[in-house]
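Two complexes follow with chain A in common, the first pairing it with chain B and the second with chain C.
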Partner chain A sequence: MAIPVKRNRKQVVLLLFMLPATVFFALFAYWPIYGMVMAFQNFSPALGFEKSPWVGLENFQHIFEMPNFLMALRNTLVISSLKILISFPAAIVFALLLNEVTRPLFKKSVQTISYLPYFVSWLIVSGLFYKLLSLEGPLNEVLVSMHLVDKPILFLSDEGLFYPILIFTDIWKNIGWNSIIYLAALAGVDPELYEAARVDGAGRLRQMLHISLPSIKNVIILLFVLTLTSVLSADFDQLYTMGNPSVRKVGEILDTLVLKMLQGGTIRDYSYGAAMSFFKNTIGFVLFLVANYLLNRTQEKGVI
Partner chain B sequence: MRKVKPAGWFPLLNGLFLILFSFLCVYPFVYVLALSFNEGLDAQRGGIFFYPRVFSLENYVTIFKNPDLVNSYWITIYRVVVGTVVSLGLTAVTSFALSRDTLPFRRTFNWIIFIPMYFSGGLIPYYIVLNNLGLTNNLLVYVVPLLMSSFNIILMRTFMKSLPESLFESARLDGASEFQLFRRIAFPLSGPVLATIALFTAVMHWNDWYTGMVFVFEKTLWPASTLLLNILRSSEIANYVNPKMFMGAGLARKHVVTPESLKMAMLITTTAPVLVIYPFLQRYFVKGVMIGSLKG
Partner chain C sequence: MLSVRWVFVALVLCILSPMAFAVGQKETAAKASGPVAVTYTSWEEGWEGPIAGKDEVLPEVNKRTGVDVTLKRWIVTSEEDRKRQLALWTSTDSMPEWTFVPSDPYTIDLMNQTGDAGKLWEIGSFVDQLKLDSATQAIEKLNNKFYSSQATGKSYVLSGGYWDPKWTQEVESAQEATLIRKDWLDKNGLGYPKTPDEYYAALKSFRDNIKTVNGKPVIPLVMNENLGGAKYLRAWFFDQADRDGRFRKASDGSYTNAPQIDKLERYVVFMNRLYREGLLDPEVGTIKDAQYQEKMTSGRVGSTGTPWWNMNSYNDAVQSLDPKALYVYFPIPKGEGVSKPVQQWVAPGASGAFVFSKKIPREKVEAAIKVLSYMSSVEGLTLALYGVQGKHWEYDKDKKLAYTKDFMDRTKGDWNAGAQIGVGYYSIGINQSLINSQKALTATDLRPDMIQSRKNLLGTIFTAFEPQDLVPPGPVESAKSSAITSAWNDLQFSAILAKSEAECRSLVKTWPAMWSKLGGDEIVKEKNELMKKAK
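This part shows the complex of A and B:
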């Protein structure tokens, strides 16, 4: 009988260890999740989540008639798609190119430098690029002195240039970090495969395309599917810090709009904003579950 | 490492490309660094690309003489230190319990911690909750709601699970309690993962401008990053430039601080610590990313 008693005491200690986390997640994760009921309410802070009057799907009807919401939804989808089409493959190409470097010191240096921008916040990155691209910044200075343009370009106020700048800075900030997993996978490729290909007369480029790339196929598929699930978040930090009133039509995304509903709106807007988040987060979560199901079926490598 | 003798145009072109790429990664920092050490009025003439033309420390002196700016850096330091230390302790305790087979309801706890990684209530309900808890416009908001992250817990749990069970077994035979197992074995042996999480948490706290921007309305309670956001987005910077230094006395003084030059110095002071420690992070984070991408 002594053993069960001891085990019970042990279990109580472990449960005590779990207490802070349980309280923490209850307050800061699950209470807000419960608070999503406000998407179906005419929420009033005085009445709270429990007593605010229910309005059914009225909030959702309203947001889908809001031009701002539809604009933000479209922008979010466009920006995410551009990033999936351009930034995602860029990291793979970068990893492949870096993998071709045979000098360890050079490879390590480039790698270390490429991680640098990942660790500074989007606030700083936007600050840096605003200065670089400003009217009196170095890029305009070079362009003017080479007579490529007549007068300095207002890069960040130009709707047509906004997406290219977004993609460029996204790649600039994240490419090194995003390539880590590919580089790790490439390091595990059997060197004999390359040897065999060389004997068959394949050059560096063909080895890269026919050996390196296929060997990391599974990793690519896994990350691609997971990236697809975040199609409704186009990176709040980037859009909030780079965006400005002159590019609002192309730069407003769901998350920045929700912030406006909170900060600049009326009490009624709280419920509309909550409905927007509900829409975004629920779709994101369903996409994640579907992706995970598919990955488990095909690769036995899901996340859950 | 493949040993191939460099042949053909490809390695050369590839090397050149990667050098250009590295240059592009570093250049924005170099440019702003040069401006921040340049005398303000002179910088307005343009033509500075790599290094200051008229060297001046005045921009930095202005920052460190301004009580509001200094105050904001103290708030940043407070949240980096307190946030990281408390967060590390709680994450370790939680991860240890989750890594033990004897924990009752282990599957349930795992789900409770896993779900928030992929599903959240959204900003507005979250804001209402923080408001109900009295955390808005309160210095605690920088620490308390950020104490734990599902990702970090899963990372550390995976690591602790990989510790050899025999260690715990023999300690238990010697009569060690679960708390002692944690304090004497699991915690000290988790050095690498603790370091990874500590550094990441510290960088997160240092960089975070969002919390201050959304949940704190009083400027005197903002960390440096939120203050920088405000300065970059508005022309309020003029308030931080000592008017005497900026206007009339500028003629008598050799070095003048302009709003722009001060912004550059603030960008650098808000970035520098991260740039200094990130090479040390390198050693750990590749491993961290790999563990984190494994099955939960």
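This part shows the complex of A and C:
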């Protein structure tokens, strides 16, 4: 059956609306992917992609043979896992609890205050916490003056305390912002469902567990799968600014290791950086495909 | 068939075109007979430059040289920003006409690759046009050879200055060293430390006898981020333990930079002891620059390693709390194995470099060389560093160059304020020490901390080029040395922060194997091969 002319014209108009965004993504997202060829070259800006010599997998070999590569990989996976296990559900719990607040003014105030730290850069946040947790900082002063400790604690030098500090600062900074999408999803839940549940005798907690949570299941799955794609990143900004030599054994991640190794400042840095980026993105992409496949297999709806 | 209208248009064009061409030629000819115009793009990273329309030096330079130089300020916010912009210029073949760039290995390497790709002028033939004295000319040629392309041997970079032995012995010899509280030494009846044990005793006396400042405990020794400042202690007391990768002659006549484990061990064990006994700042592993500055200006620190301009600021800050406080550089001690004064600058190098785009004609390059020659003369250096006589400076009663009262009132002695009108900004001349002896003492020179520090250090730091310093790093060294440096820094930290001396020593003993694993032996092999070729 032929498509009616009026509908065909509407389709063309819709396609034209999409054109600017398509061109934008094609130019600034897909076209630059060609630059990944740098990972297989000894790239020089003076020679460009066409004339820079091809070195195959040499750059990857150099990266994998770096001392402490395995330590950095382990740290990256541990930190990412901790964030997935703690920070990820924290935003969900926060959104669920905030959704239960009935006073609009209080709810909006809490929401605003909670996502304000998101807009503060990690450079400022790390400076703030370094000051707070330093030997003569306010926290140590309080602990010593209240005789809770005999002498000040070197919080930022303690390997055992580094991960808790990381997770705490990550949650403090991002919980508000990360909860926004869940709150938006919760706002779309039909109120009659809650009404019906109340009639059936369900309390607030049961309503949360059996109505709110299942309603945002798809959003949780989507964000979880997307989080998996950046499992080898572990938030470079945070680790670069919060890390220090005392906690290098637990705080060195792949990105900070590469940055340190490449701070000798040679032109080969472009290729090494591209190789690390290629490696991380490949792993992330594979994890994404695996997670999506498993979701489809378990009859949950995958991302794609 | 063509219409009459189009025939008429064609006729008009045929008549007008030659006329337009002739006028154009006449304009070009008129331009050619005037001064050569060249744009000078100058790198700025954290300092001021001339404000448009207020430059009082460049017009004078143009008048005296007969070259029409236009300044274009290249302001960058960071090293990464600078590298990005340079990469953009080279990849898009849009290098400015005449550019002043830093002389770090990345930039030199990039400029050489750009030159080999045919985008920069080879400067070999232009060096002879520089009107320099023979000694300066020789060092200029040495620098240019040092900076030449490893692939082709051609030079594209004209160095903008170099570490002159005379310069480092004179005014600037107190550049970077280890500060100590002179007033605290006096209070404890101690002289300047000459050995590690004496240094240890001084730090201990600060902690035990001075104890507190404004109710907070004294910190005998503080380092900046990443053990900033430690290298001076390492150099002075432990004969530059591991010498930051510098090559030395081995007993068999070959060159090596393999770890000298005994000296390294003495250094880290000493620092570890300071750390464990609380004489080294407990926050040495976590300190950030802001915290370091706070500690240094609090009056609680006994010793640190830092450049002289920081010494001035720290003294001003602590003297506002205690007028008798005084940080000075202490004399270079004769530590274990140190048999002669320390060589501070040990490789050829320049403070910056000039490159010329191949897109400009030869005459523009020659015009720029003419300007550089002038700026390297006594007259040109005086104009660049001091400005115009009568307006910015005069001779004092000792016939020395001194800034005028008007200039000092305008700038308050601030270099940046002077640079905004061009004074001090165009210090691109080679061999600035030429006029050092003509300089009157400034307010900075007359400070007690500067007088005492120069007295302590003068004549003890010098430059010596040894043959291995004149051969630039090869591709293996360029590729692998940063990993070795990074691993060495990590080891240094781990050993200094070790909980016991035994742990510290066992960590140090792992260094030779790590150095080899990271390619140290390959670097040594390459160096010796390059040395043979260079002969």
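We adopt the following convention: the second predicted complex is superposed on the first by the 203 of 304 C-alpha atoms of A that agree within 3 Å, B and C clash if a C-alpha of one lies under 4 Å from a C-alpha of the other, contacts with A are read in each partner's own complex, and residues count from 1 in each chain.
We adopt the following convention: a contact is a pair of C-beta atoms (placed from the backbone, for glycine too) under 8 Å apart; a residue touches a chain by one contact, two chains touch by 3 or more.
Everything quoted here is computed from the prediction, not taken from an experiment.
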item: Chain B versus chain C as contact partner of A:Y130, first or second or both or neither; value: both
item: Which of chain B and chain C A:R74 touches, first, second, both or neither; value: neither
item: First, second, both or neither for A:R248, with chain B first and chain C second; value: second
item: Partner chain in contact with A:M261 - chain B first, chain C second, else both or neither; value: both
item: Chain B versus chain C as contact partner of A:G273, first or second or both or neither; value: first
item: First, second, both or neither for A:F119, with chain B first and chain C second; value: first
item: First, second, both or neither for A:P45, with chain B first and chain C second; value: both
item: Which superposed partner A:M66 touches (first chain B, second chain C, both, neither); value: second
item: Overlapping contact positions on chain A, where the chain C interface meets the chain B interface; value: 45, 48, 127, 130-131, 136, 261-263, 270
item: Chain C-facing residues of chain A, complex; value: 44-48, 51, 62, 66-68, 127, 130-131, 134-136, 154, 156-157, 244-248, 260-270
item: Complex interface listing, chain C residues touching chain A; value: 79, 83, 86-88, 90-91, 104-106, 109-110, 113-114, 116-117, 119, 216, 226, 282-283, 285-286, 288, 290-291, 478-479, 481-483, 485-487, 489-490, 493-494, 497, 514, 517-518
item: Of chain B, residues touching chain A in the complex; value: 1-4, 6-8, 10-11, 14-15, 17-19, 21-22, 24-26, 28-29, 31-32, 35, 44, 46-49, 90, 93-94, 96-98, 100, 102-104, 109, 112-116, 118-129, 131-133, 145, 147-148, 153, 177-179, 182, 203, 207-210, 214, 225, 228-229, 232, 263-264, 267, 270-271, 274-275, 278-279, 281-282, 285-286, 289-290, 293, 295-296
item: In the complex with chain B, residue positions of chain A that touch it; value: 7, 10-11, 13-15, 17-18, 20-22, 24-25, 27-36, 38, 43, 45, 48-49, 94, 97-98, 100-102, 104, 106, 109-110, 112-117, 119-121, 123-132, 136, 138, 141, 172, 176, 180-181, 184, 191, 194, 198, 203-205, 237, 241, 255, 258-259, 261-263, 270, 273-274, 276-278, 280-281, 284-285, 288, 301-304
